[in-house]
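Sharing a structure below in C-alpha cells format, with a few things to ask.
By written order: A, B, C and D. Residues from 1 in each chain.
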Amino acid sequence: MFKKLIEESTGKSPWLFHINAGSCNGCDIELVAVLTPRYDAERLGFKLAGSPRQADIVVVTGPITAQSLPRVLRTIEQVPEPRCIVTMGSCPQSGNVFRGSYSICGPLSKYVHVDVDVAGCTPKPEAVIDGLALATKILQQKRREMK
Amino acid sequence: MSFLSYQHFPIFTIMLYFLGAFLIVVFGKAKALRHAVAFLCTAGPLALLISLIGRVMVHGEIISYWMGNRTPVGDYAIGIALEVDALSLFFGLLVATAVFVACLYSFRYMERDHNVPQYYTLYLMLAGGVMGLVLSGDLFNMFIMVEILTFAAVALTAFRNKVTGALEAAFKYLVVGSIGSTCILAGTIILYAQARTLNLAQLAAVIPGNFGVSTKLAFALLFIGFCTKAFIVPFHPLAADAHGAAPASVSVLISGVLTKSGIYGIIRLVFFLFQTMNLGTMQFWLVFLGSVSMFVCVTMALAQHDFKRLLAFHSISQIGYVLTAVGLATGLGISAGLYHAMNHTLFKGLLFLAAGAVLHETGTTDLGKLGGLAKKMPHTAALFLIGAASISGIPPFNGFASKWLIYQATYQKAAETGNIGFALVTVIALVTSTLTLASFVKVTQSVFFGQMPEECKNAKEVPFGMRFAMGILALLCILTGLFPGLVTRYLTEPAAKAAFAAGNYINAMMGQGYAERIMGAAAPGAPAVSFASSGVWSPLSWLLLLMIALLAICVVALSGKYDKVSVRSSKEVEKKYQLFYGGETQSFSQVGGGDLFWGFKHNWRHYFSFMHDLHSGIVNDYSLWAVVALALAIVYALIVL
Amino acid sequence: MLLVLNALKYLAYILIFPGFLFSFLVGMLLTGIDRKIVARMQKRVGPPILQPFYDFFKLLGKETIVPDAANRRVFLLAPLVGLAGITVLQLFIPVFHFHVFDNVADVIVILYLLLIPALAEILGAAASGSPYAGVGLSREMVTILAVELPLLLVLLAVAKTVGSAMGRGLVFSLSTIVGYQELHGSLITKLSMIPAAVAFLLIIPGETGSHPFDTAEAETEICEGMMAEYSGAPLGVYKLTHAMKIFTVVSLFVALFLGGIGAGIQNLVAAIGLSGAFAGALSLLLQILVLVLLSIVLTIVCISFVHAITARLRIEQVFKYYWTIVTCFALVSLVMAWYGL
Amino acid sequence: MITLNYIASFFLIVLGLYCIVVKYDLVKTVIGLSVMDYGVNLLIITIGYHPGGTAPIFTAGEINPASVFVDPIPQALTLTSIVIGACVTAMSLSLVIKLREMYGTLDTREIRRLRG
C-alpha cells in the first residue's frame, strides 16, 4: 500500500557512501564541498552515511589501485539493493595521470556496472550535484523495477 | 499430637536433608538410586513447607515445636526448640526452592566430575544447615547450623580442586568464616551468661531493656558473625572468591541461600533478640552498610572479567539492597527487602546456572575468551537474558518490582523523617541499578552476542535437565514480576509483620502472657504495620499494552505490502553477508568485556585502581578487615546501645 | 459488546492517539524541523521538513541484509521491541489534562521504561556481531549511565515538591503531578524547580542522543556505531524510534514542568462560553496543538541550537559533563525542594 | 581466680586473631584459628563454673539458676565446640596440604590468584 510512497521517497532521500580508491584527495574535498552551505546538497536529501549498509549511492573516487580493488568491490557488494554506483573524477574510469602504472587496476567498470560517471579533474560541485541527481533518478528506476 | 501432624513438618524438613546426606553416603554408588534419594530429599522439604503457607502466612499461626516434647518448666526453657513464624517460613521457602532447583540442575551438570556421591552428601548437608538455621528457635543450634553450613560450603568450594583458585578461595573462606563463627559462639555464650537460657524467645523477652556491658558486647559479636555469613561489605571478597570457584549449582546455594541465612540472622538479632531497630543509629548503620555494599560491589563487578566472579560481586550488591530496605524498619521497607531477597534467590540462581551451562559447554568463564554463544545455545541465552533483565530491574521482571518498592520505601522514609540522607540512599540504589544493567550488558555482549572465537565452535545446547532447572527459575522470575500484589500479600507482608511482632513470637513459644509478664508494658505485640506506597505500578496492564503494540507492529511488519524485498541469508560465505570491516575481509574481532565502558571507567580510574589494590587477595588483609569491623561494631555497641 | 468497544478504544489509544500514529507524525516533524533549523543556522537551505518521512519510507523499500555473524532473531526483533516500548511509554505521559491511564505507572517506572528503546538497540547491536557496534553499545551504555543520575534527581525533586505541597509526603504519579499543576500553576514558576527544569533541558539532548552527545552513533569514527550492520526496514524502525523518543522526552518535560498550561486552555474554552462535548473536543484539540508547539520550541532550543553550535564530545567528556554540571543543577533543586524553598 | 580465667580466655582470643592477621604462614594461620577456638572454649567453661559447686545431677523439680552446682549446659556446649574446632583444624590443614601441592608455597602473600 505504500508502494507509491516508497518510490517517491527513494528519489528524495539518497544517502551517499564515499569510497576513496587511491584518490589524490581533490575529489574527496570537492565531494565535501557539495555539502557545504554554498552548494548544500542536503536540500535534495543527500546525506553522508557512515556505513555501506545504510547507503543508496556509492561514490568512488581515485584510480582503483591494486590494494584498494578487493576492498572497493567488497564494500560495494555490502550495499543493499537498490543501489547506484557513481564514479567521481576522471581517475576511476580512465586512470587519468596514473594510467599505465603497474599498481592501477582501473577502470572500475571492468568489475562492476557503473551507473553514473562524473568526469573532470576535479569535477565542479555543480557537476557532482547533477551527477548525483541523475543517480537518484536511476535509483528510483531500479526501485520501480524491483518487483 | 499425631505423628503426621503439621507441627512435625519443620523437623521433618530439616531431617530429610540430613537423612538424604546419610543415605547417599551409604547407597550413593548407584547413580539412579543416588539421584532418586537426592530428588526426594530436596522435593520433600519444599512440599512440606509449601503445605505450611496457608497456616503460617495467611492465618498468622506460629508453629513452636519442642524436641522430645520438653516444654518449658516454670517459665524456663530447657528443651531444644524449633519455631516457625512467617519470617522463618519465608526464608525456609527460599532455601527449599533454591536447593530443589539446583539439585535438578546438578544431575546432569555434575556428571563428568569425580566423587559425585560426596558432592551430594555435602550439598544436602549445606541445605540442611541453612534450613536448620532459619527454622531453629535456639541460639546455640543456630551456631551449630552455621558451622555445618560453613563447613559444607567450604568443602564444596574446594570440590573442584583442580580449578584455579578453588583451594585458595576455600581456605580464605574457612579462615574468615571461622572468625565469624567464633564471634557467633562467643556472643551466644555471653548472652547465656546474662540470661541463663539459649532459647530465642526467652532471650528476646529477657534481653531488651536490660543492656549491660556484656550484652552489648554480645550484640556486636553476633552482629559481625551474621554479617560474615551474609558477606556484607568488609567480607565481600570471600563471597566473590568462593562463588567464582565453586560448581555453579553450589554457587546458587552460596549466593542465593547462604547469604540469606546471614540476613535472616541479622533480622532475628536486631528485630527480636535485642529489638534495637527503633534506634535511629541502628537504622542508619544498617542502611549505611547496605548502601556501601551495593555500591562498592557493583563497581567491583564492573571491573571483573570472569563471568562467575562478576555474578558473585553482584550477589553482595543485591544483598546490600536487602539490608538497606530492612534497615529502614518500616513495613514497606521490610516487605520490599524480603521481596528483593526472594527475587535475588530466583534470578541469581538462574544467572549462576546459565554461567554453569556456559562453563559446561566451553570449559571457561573468562569473558575475554567467550562470545557469540547465543547461536549455539539459544535457550540458555534466552534464559540468561531473562535473569539479566530481572537483576537489572527492567520492567516487567521481578527485579523491577522489588527494586521499585525499595526506592519508594527509602524515599518515603526520607520524607517521613525529613532526613535527606535517605533520599541519597534512593539515588545510590537507582544508580547501582543502572550500573548493574551496564555490567549485564557487558556479559551479554561478551558471552552470548558478538563474534564467536574458534574455541567455542564446538559448544552445543546443554542437556534438557539443565535447561529445565533454569526454566523453572525463569518462570518464577516472570511470575513474581507480573503479580507483585499476590507476592506481597501472601509472602512478604506476613513475613514483614512477623518481624515486628516479637511479642507474638515469644508468647507462641513460652506460653500466652509470658512476654507481657516479663517485659511489662514494653511488650511489642503485633503493631499495625502500613504497607502503603506512594507510587503506582501495574505490570500486567503495562505488559498487555506492550504485547498488543508489539503484535500490531509485527503484523504490519510481516504483512509486507510495502516491502517485497525478502530478508535473505545464505549459508555459503558471500561478501554481501560478511560484516562491514571498512572493506577488509571479515576476521575475528570481538569487543571484549574488559574494553567496554571506557568512558565510565576512565572517569573513575582512581577509584577503580584503589579498589583493585585494596582487594589484594591476601587472607591476612581480609582477616584484618574482619577484626576492624568487629572492633568498630564493639565500639558502636558500647557507646550507643 | 462493552468489552469489544473498550478493546477498540484502547487499540485506538495505542495505534492512533496518543500512541503510535500521533507520536510518529509529531516525532518525524520534530526531526525534520530540527534538521531544517540546523541548516538555517549554518546558512544552508536545508532539507525539506518532510525529509525524515522520505528517509523512513525509503528505508522501508530497501533490502534488509542480515549478516552471517549476526544472531538473526534478536537482530530483527530488537527494533520492533524498541518501537513497541516507546509507543507504550507515550501512553503514560499525559497530554495536559488528557491522560489514558491513571494508575499504571509512576515517574520511576517511566525512568525505566525510557531505557527500553535504548536497551533494545543495544541488544540488536550486540546481536549484529560487528566490532563497530560493540564500541557503539559501550558508548551508548555510558551515555545512559551519565544521563540517569541527573534525570533521577530531577524526578525525585519533583516528587518531593508536589508531595509536600499536597501534604502527602511524596507524589510519584505523573497524572497527579499534572493535576496539581492545573490547580496551582506550572511547577517551573517555583523557585526550587527552576534548576531542575534547567537540568532537564540539558538532559534532553543526551537522552535523545542528539548532537554533542551522539558519540554512540558517531558516523565518521565508528561507522554509525550500533547501527553499523542495520539496513532497510529495521534501520527505518530505529530512526522512527529515535524520532518518537525526542517527542516523548520533550512531552515528559512539558508534563513535569509546564502542566499548568492545560488549565489555562480549559479556562479559555470556558471563557468563550462553550460547554458540552464540543467544548471538550475543542479543548483537547487546543491542548494537543499547544503541546506540539511547545515540543517544537523545546526541540529547537534544546536540540537544534545545541547541535548547530557544538562539536561532538568524547564519551568520557559526556559522562563528566552530566555527572558534574547537570547533576549539580538537579542536586541544588532537590536540596531546595527538600527544605521547602 | 575466676577473673584470671576470663582474662586468659580474652587473651587467647586476641592472640589467635593477632596470629591470623599478622602471620604470613598458612600453618600459623591455622594455629591462630585453633588458639582463638580454645579461648572461646575456656570462656564457655568459665561461665558455667560455680565456685564450690557440685556435679550437676538433679531432677526436674529442682531447676534453679542459683543452685549450687556447676551449670551443665556450658559443658555440653564446650564439648560441641571442641568437636567443631577439631573439624576446622582438620579441614584447614587438609586444604593447606593441597595448597602447598598446587602453589608450592605456604606464604599467604603468594597465594593470591584471586584478587581485584
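By our rule, a residue touches a chain if its C-beta (ideal position, glycine included) is under 8 Å from a C-beta of that chain, and two chains touch if they have at least 3 such contacts.
As the structure is a computational prediction, the values presented were derived from the model and not from experiment.
> Using the touch definition from the top, what's the fewest steps needed to get from chain A to chain D?
So the least number of steps between the two chains is 2.
> For the chain pair with the highest number of C-beta contact pairs, give its two chain identifiers.
Looking across every pairing, the one with the most contacts is B-C.
> Just grab the chain with the largest centre-to-centre distance to chain D, centres being mean Cα coordinates.
Farthest chain from chain D, going by C-alpha centroids: A.
> Could you name the chain whose Cα mean is nearest to the mean of all protein Cα atoms here?
B
> What's the distance between the Cα centroids of chain B and chain C, rounded to whole Å?
36
> Using mean CA coordinates as chain centres, what's the chain A-chain B distance in Å?
So the centre of chain A lies 59 Å away from the centre of chain B.
> Please work out the Cα centroid separation of chain C and chain D, and write it as a whole number of Å.
That pair's centroid distance is 63 Å.
> Which chain A residues reach two or more other chains?
In chain A, the residues touching two or more other chains are 2, 5-6, 51, 53, 78, 81, 146.
> Which residue numbers or ranges of chain B touch two or more of the other chains?
Residues 562, 565, 576, 578, 580, 582.
> Mind listing each pair of touching chains for me?
Every pair of chains in contact is listed here: A-B, A-C, B-C, B-D.
> Enumerate the contact residues on chain B facing chain C in the complex.
372, 374-375, 378, 393-395, 400, 404, 407-408, 411-412, 415-416, 420, 423, 426-427, 430-431, 434-435, 437-438, 441, 444-445, 448-452, 534-538, 541-542, 545-546, 548-550, 552-554, 557, 562-563, 565, 567-570, 573, 576-582, 586, 589-591, 595-600, 602-603
> Chain B touches which residues of chain A in the complex?
1-3, 5-6, 19, 51-53, 68, 70-75, 77-78, 81, 146-147
> For a test of understanding, state which residues of chain B touch chain A in their complex under the given definition.
On the chain B side, the touching residues are 561-562, 564-565, 574-576, 578, 580, 582-585.
> Which residues of chain A touch chain C in the complex?
For chain A paired with chain C, touching residues are 2, 5-10, 12-13, 15, 37, 40, 42-45, 48-51, 53-54, 56, 78, 80-82, 143, 146.
> What residues of chain B sit close enough to touch chain D in their complex?
73-74, 76, 78, 140, 144, 147, 151, 154-155, 158, 161, 164-165, 167-171, 174-175, 178-179, 181-182, 185-186, 189-190, 192-193, 196, 198, 240-241, 244-245, 303-304, 309, 612, 615-620, 623-624, 627
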